[in-house]
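Chain IDs A, B, C, D and E follow the sequence of writing; residue 1 opens each chain.
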């Protein structure tokens, strides 16, 4: 489980150990700068604000993506109407979107949260639509025959039935969120993990920049571990059902 | 007597109206696009956003009209499309192969999980200096970004899709002792296909976004560079004209994906005609 | 109570499942439907349940045209396994429709408990459907319908997956329910003995496109007993008549040809 | 990649040279030089590759993708400080030195109450890159005016995004260069501080540079490039109309806008004092740890 | 041929499905397994099929320990609907295992055609499983197993969803196949008559955790006929014995208590 990353890190270490390239410093040096770069204050002043924005933006994307996704997945008409405009918006590069968001939401945290949400929402939305569309017709019949009302149906049939695919989208959105966290901090930021990495890059503090990328990776692993725990609880029935394969 | 059968249980609100299938989806899609256009026209005109920085749709179109008259635009468009298609093809192919291989072997999945999580969130934009180091401002620099970003989009979808195989179907395949290849082709792949299609649509858009962003930031040739030059010159309407083009590319890509889907997923509940959509 | 008039159904694939079907069921009647595999029985039930739009004709229930799933009807689906929510436990599966009906918690718990006991699954409340055997899943689906206390109960081969002994018990359960609550029951089965044992009337359908091939009134006494009733002479006669009709259906005889 | 800056010869016997530039007003001379054949005269066949800012150009020069690059001087000083061997080979552009008529200024909306450098205290000011040439020169001016530069809330924003943010009230003031200076002025913003001109009337803002390995391996080429650059700069300085013309060929600036902008000055000499001054300012603001050995950065 | 020795299976949930099960099947035998719903019949078949790892004991087939799905065995699953691949047509579903077996195209087509004809679905080759009725789906699953020409055929309530008439035909089909090809058949059913009609031997399982409660040798002549055999006196006796055992099982009698 932890084997492969260790092997890769070891490879990295060996491959760059005698590196003199300015842009490819030895891993030794990168890890060496790590504590002073991050542990002396930046964790609180940069990493936490970033994570806060990420979580808010991600939560917003979840709410938007799932609710629009359920609507679009449930109604052919609604889907046909909203799909092209959504596809249009989806194809606009965030660096172009940012100025517009600045016009609408200023240069503060709101704008960054919106940038993150605007990027995260797509995988969640698309997966929710497809997940809802793929629900077993027999189950749908059962729900209809017992006249489960719209709310019950959404909660107990649609959301649960689509949840495996929604989880796929949410998982993906998490790392997109991380990427957009960095992108949003390229514009009008004054703190943050991404901001700091870019400042290092601009200031040619290359080992520090690399240490930031490593930290970004660590944050990604951490978040995905949390995600796995949450997913494990919400989809216990699903994983149980799939795992009953050989060992029972 | 033989009108297309619909059920009464579509969606949330009970019955689906008969117009649901009667009105064809391109017409409805057009309505959606017109709605967006209306919004883009109205917002600046009503002063919700400053029209000097966000011109009304009509002005964007006018600028687009000028733009399409230049050979420079078509050249840039071709370059963008080429980089995008190449990157997407490489990423999609690699992700499907890797995803099926990893997904079909539980132990491989366990071994690679943490590595995937580590590599995935590294922002492609953070790779820009490395890409430039390797390829300067040539097309390959942007290509790296495109492949890197699109690959993960597809891979995660494939992995989740492979996991979705029905336990009884899986038992069936095992009891008939399907070989690995047959199992992948006849069981894993069709199950994963809906996920793969979603992954492809996601990856296509992300690849386009990164192609343009890469061109914008690195300065490799394409629409992005055109955009950058409009930006640095403060030519707002030209800028949005290019944004319009990328958006329209997105719509076209989605139409294509939907067509492929309708053909390859005919069996899937989402495509069946006699059951609720 | 239930009127099916000139019903036809052709699927999008062009398969005509229901030919031209007319029959009616009185309030409080117990009607069994038998017919060859692939005739169109499930299709018929789905039309009656408001789950499928007929291609022609109409279904009227309690004086109202059926256009959506009607109130107070409970359905046991032939694909029992897939009709249970895999993310819910057995008890939750049974309870959900009751919640929707607006029953209070105490009453719900009571109904869930009772119905699961009746199908012999009182000790399985916390299990998920996929942890159950086929027969147990089917019994959960039956419990769900029974707990719902419907006025119309529609069942599509509900006892196909249970053993003979349990089947007999469940037959008596449904009959008891019917007698006690005055439910109207529409019951599809492949077991001819079962159809005669349970019903007031057996409707035999022809092969696809299905129509009513014949109807057998079951004039056995209301009080029935697995051993006694089944060994009675009248039972044998009725059974024989139904059997004859089913064989006709299977041979491809159409309503016009017969009787 | 990375062939030590070696050049290849084209069929015509010219050395093929690629230069990484940012497609803005400031690089007009090199385009003019290419247009006028000054580089061919020196045996150089020039290819201009546009990148967006130093982040893309410096690695390109370092790896040998580009033989030369264009960058602002503070970035070069920072790179030097961090151990990159950068060599300045030619001047890029300089302030006009005229307060009131430079190509770079800090602007604030009319009636905002910000009238001079000291008023920037405690305000939100946009610069295109934090801790770089913009903020160090502004800080200096604020200090001179008796203000406390550390109270300024700098935000990083691309030049193109500044006019919108300024008129939308998202920022209080913005450091802009042409053509955005003209654009913001057209929107009713007023210059409050001419940061380059005030920092040093002869401030050299940007330079053309190469990597140490290229400079050492091919000194002759560097010399020829520098010489062609000099000719180009001189030509640009003498022919502002040519500058306004050529700019329209590589940017989306239209003729009207190109007429209206204030051009930078294009002196031919690499101004060592400017580098010293910029380095000191950067040290003062903490962007540099110490003034690097400027002598080793020069040809 | 098949030896099940001291088999136990406890699911991860703690449910002990199989108690301590030992029995064996000779090559070419036709063994029917009956037992109460939820006893552990499907669990047993999944262990024999190498699809489920036993908790204890072992399964030996043709002298080899079963650890993975053994060669030349075909299984008809109780959840027939879900065991068909929805993305393939009926014909493709039947053909797929034959491809895997390496048969050439002509032979495959022949087998597909024959087996679908035998189950009465020759005109449905192009349809997808979800366009079929429940009984038709089940017949496709049967056709798939039959076309495979296995040496061991394992069937889990394969006729649960078809009408009486079709059921009789399919019974004769499987019996015929068994007689003609010498296949070893393991057949789970809830229909006691069916078990006696089909088998050489009927194994009756106890309730959960399941063990062998009793075995009934069926000494009817090999040549069997739906009308004649079923009405023979010996049939009635055997039927009665199996019925008694099943009732015991249902009442919770364990192997030690009986006889």
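What we mean here is this: a residue touches a chain if its C-beta (ideal position, glycine included) is under 8 Å from a C-beta of that chain, and two chains touch if they have at least 3 such contacts.
Everything numeric in this text was worked out from a predicted model, so none of it was measured.
Participant: Going by the contact rule set out at the top, which chains touch both subunit B and subunit C?
Facilitator: Joint contacts, listed by label: A, E.
Participant: Would you mind checking the shortest number of contact hops between subunit B and subunit E?
Facilitator: Counted as steps through touching chains, the separation is 1.
Participant: Please name the chain that ends up farthest from subunit C once chain centres are defined by their CA atoms averaged.
Facilitator: Ranked by distance of C-alpha centres from subunit C, the top chain is D.
Participant: Give the chain pair that accounts for the most C-beta pairs in contact.
Facilitator: Result of the pairwise contact count: A-B comes out on top.
Participant: Between subunit C and subunit E, what distance separates the C-alpha centroids? Give it in angstrom.
Facilitator: 27
Participant: Measuring centre to centre with CA averages, how many angstrom lie between subunit A and subunit B?
Facilitator: The computed centroid separation for subunit A versus subunit B comes out at 16 Å.
Participant: Calculate how many whole Å lie between the centre of subunit C and the centre of subunit D, each centre taken as the average of the chain's C-alpha atoms.
Facilitator: 83
Participant: Report the inter-chain centroid distance for subunit B and subunit D in whole angstrom, where each centroid is the mean of the CA atoms.
Facilitator: Roughly 38 Å, centre to centre.
Participant: Multi-chain contacts in subunit A: which residues touch at least two other chains?
Facilitator: 23, 99, 103, 136-137, 141, 144, 186, 201, 241, 244
Participant: Residues of subunit C that touch two or more other chains: which are they?
Facilitator: If we look for residues of subunit C contacting two or more partner chains, we find 11, 50-51, 69, 79, 82, 130-131.
Participant: Two or more other chains in contact with one residue: find those residues in subunit D.
Facilitator: 55, 59, 62-63, 158, 160, 164, 168 - these are the residues of subunit D that touch more than one other chain.
Participant: Across the complex, what residues on subunit A touch subunit D?
Facilitator: My answer: residues 22-23, 98-99, 102-103, 106-107, 186-190, 199, 201-206.
Participant: Which part of subunit E faces subunit C closely enough to touch in the complex?
Facilitator: 11, 13, 15, 34-43, 78-79, 81-82, 127, 131-136, 139, 157, 160-167, 190-192, 243, 246-247, 250
Participant: Going by the contact rule set out above, which residues of subunit B touch subunit A in the complex?
Facilitator: Residue positions touching the partner: 8-14, 16-17, 19-21, 23, 25, 28-33, 35-36, 49-50, 53-54, 110-115, 117-126, 129-130, 133, 149, 152-153, 156-157, 160-161, 163-165, 167, 170-171, 194-195, 197-198, 201-202, 205-206, 208-210, 212-213, 216-217, 224, 227, 239, 243, 246-251, 253-254, 268-270, 272, 275-277.
Participant: Spell out the residues on subunit D that touch subunit A in their complex, using ranges where they run on.
Facilitator: Touching subunit A: residues 54-55, 58-59, 62-63, 75, 78-79, 81-84, 124, 126, 129-132, 153-158, 160-161, 164-165, 168, 170-171, 287 of subunit D.
Participant: Over in the complex, which subunit B residues touch subunit D? Could you list them?
Facilitator: Counting only subunit B, the residues touching subunit D are 50, 52-53, 128-129, 132-138, 216-219, 225, 228-235, 238.
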